[in-house]
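My questions will all concern the structure given below.
Chain nomenclature is as follows: A, B and C, assigned in order of appearance, with residue numbering initiated at 1 for each chain independently.
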């Protein structure tokens, strides 16, 4: 009997030690800096060969690895939250995942959501989307997103229109796409087109933070549109462009000047276009 | 061929009662459970991940059956001299090989049938809960991928028979079969890689290497042909002529392997 | 019944390729209905001879026939029941399934197999274990199962390689009784042993083989004539083979 108790006690001590040690070790491990050298992704041709008949599985794994990593970074307090080489690693991982299975939708959506807004890697994102678009021929979303990126971040409207037209040719494509595309090309009704485009994007976006950005932008553009239409009204009535934006209210065209949701103020530039003081700070990678 | 049936049947019984079969089935069950969990971690294509994991589990478990249960069946005869029991009957060496191989086919088919049933159950379960995320899903494609995997395993098994016919150690047979599997699965990729134009590749491939790879391509079984998991996961079109020619290739390779195995086995001595 | 003509067999030992002569110019004839004991020290070539008869090894020269058929013909084994030295069977089969296999491969029909299985399992005293997997059997039980398997198809020729090795007295008695019974049925029994006592008790004729060569073949009566016992005869042959003179 005594021996049984002694053995039981011994095992109990070992078990508690096991739990404590594992917990401490896991915590300490997270503190270890993850070196740049450790973040290597095998080049895709080798990866494909090494994956044997399990390409789909490895593709899934790589994608889950990247979203797991991204999720971890959300807890970080230091700025920049994600270092440059970490973005590169994420991009390489998503590239590897889509090289193994180019039909896998999630890496493309993930890449499009975060590489554009946070990392400013627009062209890389579009390369990724273009690959997916080439394989997922039944999918109109990928060329649509590529088109949006060209329009919103790169101001390359012609390319944007190309992508939208490609998207429109795919099954179940929203007929709106063709009209937006044509407007982009002919540069008419820029603000209205932007609002339209952004509203389409808003519909297809799940991520809350990105939805917020779109909603804010749409609000700003609605404000601008209102002011632009007011400028046209003013011109019709007074046969000249208004010098200052306050005149629109003073002359009774509109009730009041809409608030800039970014916290700046709307004003009229020398050529009579409606601008906002926050335009410059907003999009650092945007062509001025 | 009334002598083939008893040989096949006892081979099958001996195989299916092997404790390893239970172990492998258990492992597969755990992996199917993991499928149910992991697939839901993906934001959109839950269906695709579920199919990937389920089919991969079937392939992997099937591979374990061929390597450990299948070769073990041979091992008993080669290493442990159970072969005296069989060869003392009025049967020819060829009948022994063919009968044993038929038993092996039965073993693989039955175990794969059980695994497939479990896989399909796992997928059905996931689909009922998360049906909306199962875009582009086709039972046909999944069943076809499963059948081709079974054929691939039978081809690998035939090759292991060929190795067993001239080696005297089951361990060597195991190693050679594993090597054949790896080469068989990766050869297409290697050949495609080396055939890309050298400016893309970054280095030039010597014609000697190229010829060696080409020769290996025809010598070793191209097992990657039987892998249509990607097509099944995304319901991509699979042409019937592809399926027909792949099946023909498989059957021909099996026939050649078993014929060679029988011929070599005729000369084998058991002192 | 069994004829062996000019059989020689050489083995290559390991990678060095040293040749070992296992059998040299063996000529032997076993008559129908007799019990023939093949006596020799370990490594003399007894097992080699038997394995050549069973077509498990191929001779370098010479030929052998059983029942008029060349041993290389599978049909020769239709009338042969074989029990190897230290038999080993598939782990997960039962004795019943083993006998079914033996019967079916010899061309018996299911009813016949059932009848003879019941009879043989009774005879070798395996009733309690008949449905248990063979891996649960003791060594003695495995040997008995092997005997049953050798006899399932009622063969005319029974070849036993060291049938008494590793058996307890009960087992040895059973094998002995069986050999007597088979002889009574007019079967031909060819068995090898290095145990003098067994050869003495059961053989009609015996052959002494030493170093791959057959030294003497004669009826047991003649061998033991002049008051010698088998040990004397045997040791005499051993001495001769080593270059001495007969005692």
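The rule is short, and it goes like this: contacts are C-beta pairs under 8 Å (C-beta built on N, C-alpha and C of every residue); 3 or more make two chains touch, one makes a residue touch a chain.
Fair warning: this is a prediction, and the values are worked out from it, not measured in the lab.
Colleague: Hey, which chain is the most central one here, using CA centres?
Modeller: Central chain: B.
Colleague: Which of the two pairs, A-B or B-C, is linked by more C-beta contacts?
Modeller: B-C
Colleague: How many angstrom lie between the CA centroids of chain A and chain C, rounded to a whole number?
Modeller: Centre separation, chain A to chain C: 83 Å.
Colleague: Averaged over CA atoms, how far is the centre of chain A from the centre of chain B? Could you give it in whole Å?
Modeller: 43
Colleague: In angstrom, rounded to a whole number, how far apart do the mean CA points of chain B and chain C lie?
Modeller: About 42 Å separates the centre of chain B from that of chain C.
Colleague: Using the touch rule from the top of the page, what residues of chain C touch 2 or more other chains?
Modeller: none
Colleague: Quick check on the complex: what are the chain B residues that touch chain C?
Modeller: 2-3, 5-7, 9-10, 13-14, 17-18, 76, 80-82, 84-92, 95, 267, 269-271
Colleague: Spell out the residues on chain A that touch chain B in their complex, using ranges where they run on.
Modeller: 45, 48-50, 52-57, 59-60, 63-64, 67, 101, 103-106, 109-110, 138, 206
Colleague: Can you name the residues of chain C that touch chain B in the complex?
Modeller: Listed in rising order, the residues of chain C that touch chain B are 11, 48, 51, 54-58, 74-78, 80, 82, 84, 87-93, 97-98, 100-102, 104-107, 133, 149.
Colleague: Of all residues in chain B, which touch chain A in the complex?
Modeller: For this pair, the touching residues of chain B are 38, 41-45, 48-49, 51-53, 55-56, 59, 136, 182, 185-186, 189-190, 193, 223-224, 227, 229-230, 233-234, 236.
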